[in-house]
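Before anything else, here is the set of structures, which you'll find just below.
Here chain A shows up in two complexes: once beside chain B, once beside chain C.
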Partner chain A sequence: MEQRFKRLLRRHGLVVAFLVFLAGVAFNADAFLTPGNILDVLRQVSITGMMAVGVTFVVLTGRLDLSVGSLLTLLTVIVVDQHNVAGPFPAIVMTLIAGLCIGAFNGLLVGFVGLNALIVTLAMLSFLQGLVLFYSGGSNVNVENAQDTWFAVFGRGEFLGLPLPVILFLVGAVIAGLVLQFTTFGRRVYGVGGNETASIFSGIDARWTVFWTYVISGFTTGVAAIIMGSRVMGAQNTIGQGYELTVLAGVILGGTSLLGGSGSIWRTVIGISMLGFIQNGLLLLGFPYYVQWLVTWAVIIVAVWIDLGAKRGRIFA
Partner chain B sequence: MSHTSTVTTDRSPALAALSWLLRNHIWVFLALTIIVFSLASPYFLTLNNLGNILTQGAFIGILAIGMTMVMIDGEIDLSVGAVLALASALAIGLQDHMGVWPAVFLGLMSGAALGFLNGSLVALSGMHSFIVTLGGLIGIRGLVFVYTGENALMVPDFSYTEIPEIYLGPVSLTAIIFFGLALLFQWVLSSTRHGRETYAVGDNIEAAHDAGINVKRHKIINFTLCGTLAAVCGILLSMRLGTAEPNAGRIWELWTIIAVVLGGTRLQGGFGSLWMTIGGVLTLAVLRNGLRLLNTPNYVELMVMGSVLILALVLDKILNRREAT
Partner chain C sequence: MSDVVLKVKDITKTFPGVKALDRVSFDIRPGEVHALVGENGAGKSTLMKALAGLHRPDEGQIFYQGEAIEVAGPLDARRKGILLIHQELSLSPELSVAENIYLGAWPTNRFGVLKKRELRRDATAALEALGCGFGPDVRVGSLSVAKQQMVEIARAEAFRANVVIFDEPTASLTDSEKDQLFHTIRGLKARGVGIVYISHKMDEIFDITDRITVLRDGQVQGTVDTRDTDLNQITRMMIGRTLDTYFVKAKAEFGAEVLRVEGLSNRPLFEDVSFSVREGEVLGLYGLVGAGRSELVETIFGVRRADAGKLFWKEGEIELPTPRQSIDMGMALVPESRKEQGLVLMMGGRENTSLPHLRLFSEVSVMNRAKEMAVFEKYRSALSIKTTGPDQAVSQLSGGNQQKFVLAKWLCADPKLIILDEPTRGIDVGSKSAIHELIAELAEQGLAVIVISSEMPEVLGVSHRVLAMSEGSVVAEFEGAAMTEEHLIDAVSHAREPVAAE
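== the complex of A and B ==
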């Protein structure tokens, strides 16, 4: 019994610590664990969560995608602008295609040309931010007929009492989880991340696998941009700035290893939701806004360290 | 056989020159950008503007020195932009309480302390420095916002902004400090035990450990250096601006990594030098300055930087493949 408890704590210590945190906040702030607030938090994390689902694929192959923040900005600007030009449905299609294309370009450079993922996506971060300013001419765009368009449904709509963005996020996460667990592609992702050389020798084309993970990341960022555009009904030129950090923080916090091969979608969902609840909880407790960044720092370090220590069997390297 | 060998000896000076150029392509690229911008703008190749480029480049340059050391180690430091902002905020914010120089000193110490913290976390936990310093990037920036109360801090006495206004011809004190530090650390890299250990650790950490190098202590030293240099940059920036904005140095870590990688230092570690980094820093500064002189909109700069970086990587890939064969 004690053994099992210890093992549980070691494997899921993070979740236990998180539950303690939830209880602590709920004790001090009555509004915290109300259904309304929980839904609010989930609505807030649905955008970063959607992106994180795609980025998890990339991270599982041992690569990184830092370009998703700039990509989110670009795609949000595109969806809002095209909504005014071409209407909601073409705008959505165009946004998703643009996301797929840019993801494919990243995938081409990392998977096939074999460039360093960190630098490539860093370069894309800069390039896409330039593209945003080029496209928008530096001015913010807004949905013109915000009152009479069904486009608002993605960010503000509800279905069976649940906000639609939350449903999108959860459905996306479930599909992604199933793909990772039960398809050949999913096993290849783990294979490439676990040991790339071995995976190539077992007949996996690592180049295509890496390529598709970036395409997925571009696609989920497209979906996130649609939610974002629909919720804000407009797009500033910096709307997605820094999102890549939050997304990565969530993925890492969930325990997905940056070295690849180990992690899962549900871990990402937990990680990104934890970040959301921590930020919300700190605000409800009356801390200044930026204290949550400090806490995020501490939580990332402690969580990853504990995770690593548990796998290694001792705390220090 | 003998025939081929005579051919190679005939070509060897040219080949040697070519292979030097291949290994140091950043200088070719720098020369090209200088030529292009001199032809494109009459204001580019003036003594005044060249001095400006050096000053503008020096800020990223000072960050790039520490980043190079850390990268040769095979690590990365994403927190330099936030460390810079904290040092500059402390150097200005504390002046009211204790005078200029103690405030500057504490600003420097904050950088050293955060670098030490980053290094210790990396060395003790065995976590990847990307994660540790990504956390630092978020958390230290939060610290800056909390400390400054989300406002820009103004220097109480503007004689503070005149401290770096010393010029050697067109070269500002900031630029001199950058080159001085770069030369100092190049000497450290090439001629001291610590420098040789840096390459050894980056090249093969297991072998370095087995050879008796104290890898943990070594990494902590380099991260502390990187943090301290970021603080130096932040203090020079606060002197130049007279204010400390909480958003100062945002995404400068990206510019720094771009400069270092452009120079040819590899993220995998074990390879690189500050000569290369100086080349990368100057190229970046020339590009930014030249594009601004040509009155190009802001987005061109961002797009050119992205393209150049990818191009540099592709080039590096092709050249190294050729060298290996």
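== the complex of A and C ==
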């Protein structure tokens, strides 16, 4: 019995710790488990969650995408600015295309040229942050006719009592989950992540597979930027700063392995939601907002540690 | 001083499923060159690794200068005076010659700071004793392979080694470099160093050694004085057994040509290779490790790019294919390394089986799970694969069962040509003979089969025709009664001369 409990704790230690945390917060802050607050958390999570859905594809191939933070900033600035210039529909199309292009460029460098994913996307993070300032000239942008545009629906709308961004996130997650589970592309992603050499010997073009995962990551960040721009009805030059780590923390907290080949979208949904509730709980307990950065650090370290432990266990067992 | 510097007594080493060394005993006298010969897998490398402290023997003892010792690791061996000079040199290319000679055993003061002057002085002395034409400060990466080998041998001087073990030392040397090396070896010998010399090249062994010990299947077959023996006797000792009768050979009924290769090159791995294989035919490809066999078939399959040559598929010339095109044409490659190239270990048997044929197992890109399950169950029972279910990670299966999934994944799409690279390496005897039977069965169904193997009995037992490869070239072809172990050994061990002219 004791042994079983220990094993349960080791395997689901994170979930147990999370539940304890939830109970603790709920006990001390009455507002925590109210429907209003829960919907608020989900609304927050929908942006990072949308990005994490795309990044999960990249991580499943055993690679990283750290460029998504700056990319979110750039695309949010683009969607807001172009909304003023060209109107909502062209702005949305342009944003998505820009996201696809940046993703494709990352994918080209990592998949085809074979450069290190960490370096490529970290450099892209820096490059895009610079590009944002070129584009905006350093000033923040706002949607001019915020009162009468249907663009607000993505960030602020509701459907059947659920916030529309949450629905977008969940629909995106379901589609991505189905793609990974049931399509040949999904199988190739797991194959390349699990054993790239064996996949190449099986006739899978790993270069294209990796390429498309970055394109997907760019696209989901585009969708996230639309939600963000629509919710804020404006964009600061630093609006996406640090998001890349929050997203990555959510992915690995869910249990998707950084080594590639194992993990899933629903794990990411759980991981990123847990992170959202942790951050919200800390705020409700009266911690300053920047405590979330410290928590992100702890979460990344613990999750990676557990991942390593599981791998070691598998090798030596 | 005793007349034996190193003595090995009843050493046994077992790996999962294989007895690599079985009560092996032999001894080395000071000032002798002692050859250790045997087929691939006879246990030579395992024995050397046991002496150098890389393997810990299960049983048996090592006596060094009359005392029983335990060797904790390569550095410990070196400090005791036993030096292993590997096939692949163990040097750090960015460090200097002096630093490499003392790699891992640098003289330091009490603060851990390198004593450079002392290091240089000792290294210079060692280099001069050997008559090397280079100084201690040269970067090792800038030296030729032969000179790098001299750096390793200089360790023998530096550590005052009493035993030096050479593992295939001439594998990448030119003829004049080889002469230089032999000169050095004779120098060591004159100083009373006991030398173990491992090689596949019989002419060298008769040239330089004093005694020969023959290993076969992990057992010592005997030790003889070199001047009292000849190639015939040694070959007989190496092979020993008559051709095993349990190999089932497919009936020799051949159909049309499936694949023809003309002048295929991928320098420097292999050069100008030509052959063909027909329906129903099992073509063996024999050669030592490093002969270029795996590289050849990987190039045909498209995992590597050829730099010259033509391929003909069913008598029509084709562009050099990508792996995808090869698979779609009906080619299958069961690669050499099951775990690295053959399987995605964290996937189950079902997903591994369908991986090369995702298009066949899907409709408009959606995987057809029922079809996957049907094929999985079919091969699970046909090849009697032991697994708990379709999604049990193949990493949890035994080597034999893993290999069967690799076969399943290639057989399920009905290939026309199947290339098997070391299909029975590291698997148990039962699975081994099942795979031999399968090879015969496939050929009788009309597939063209290419089998690569380092095990001579296997390659002779299953094949209708055998190509011998050595150092990147096909050096001989044997068929029918000419297919003997003697011929194969002869072909691959004498092949060097014509190439050495460069």
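One rule holds in what follows: the second predicted complex is superposed on the first by the 286 of 317 C-alpha atoms of A that agree within 3 Å, B and C clash if a C-alpha of one lies under 4 Å from a C-alpha of the other, contacts with A are read in each partner's own complex, and residues count from 1 in each chain.
Keep this in mind: a residue touches a chain if its C-beta (ideal position, glycine included) is under 8 Å from a C-beta of that chain, and two chains touch if they have at least 3 such contacts.
No experiment lies behind these values; they were computed from the predicted model shown.
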When chain B and chain C are modelled together on chain A, clash or fit: fit
Between chain B and chain C, whom does A:294 touch in the aligned arrangement: first, second, both, or neither? first
Using the touch criterion from the header, give the chain among chain B and chain C with more contacted residues in chain A. B
Just chain B (first), just chain C (second), both, or neither: which does A:184 touch? second
Is A:261 contacted by the first partner chain B, the second partner chain C, both or neither? second
Looking at the overlay, does A:249 come into contact with chain B only (first), chain C only (second), both, or neither? first
For A:89 in the superposed arrangement: first (chain B), second (chain C), both or neither? neither
Can A:195 be said to touch chain B (first), chain C (second), both, or neither? second
Of the two partner chains, chain B (first) and chain C (second), which one does A:205 touch, if any: first, second, both, or neither? second
Chain B to chain C: minimum CA distance in the overlay, Å? 5
Can you list the residues of chain A that meet both chain B and chain C? none
Along chain C, where are the residues that touch chain A in the complex? 301, 303, 322-324, 326-328, 333, 335, 340-347, 351, 354-356, 358-359, 361-362, 365-367, 395, 409
Seen from chain B, its contact residues with chain A in the complex are 76, 121, 123-128, 130-132, 134-143, 145-146, 150, 216, 254, 257-258, 261, 267, 297-307, 309-310, 313-314, 317
Chain B-facing residues of chain A, complex: 64, 109, 113-116, 118-120, 122-134, 138, 245, 248-249, 252, 258-259, 288-294, 296-298, 300-301, 304-305, 308-309, 312, 315-317
Chain C partner, complex, touching residues on chain A are 182-188, 190-191, 194-195, 197-205, 261-262, 314
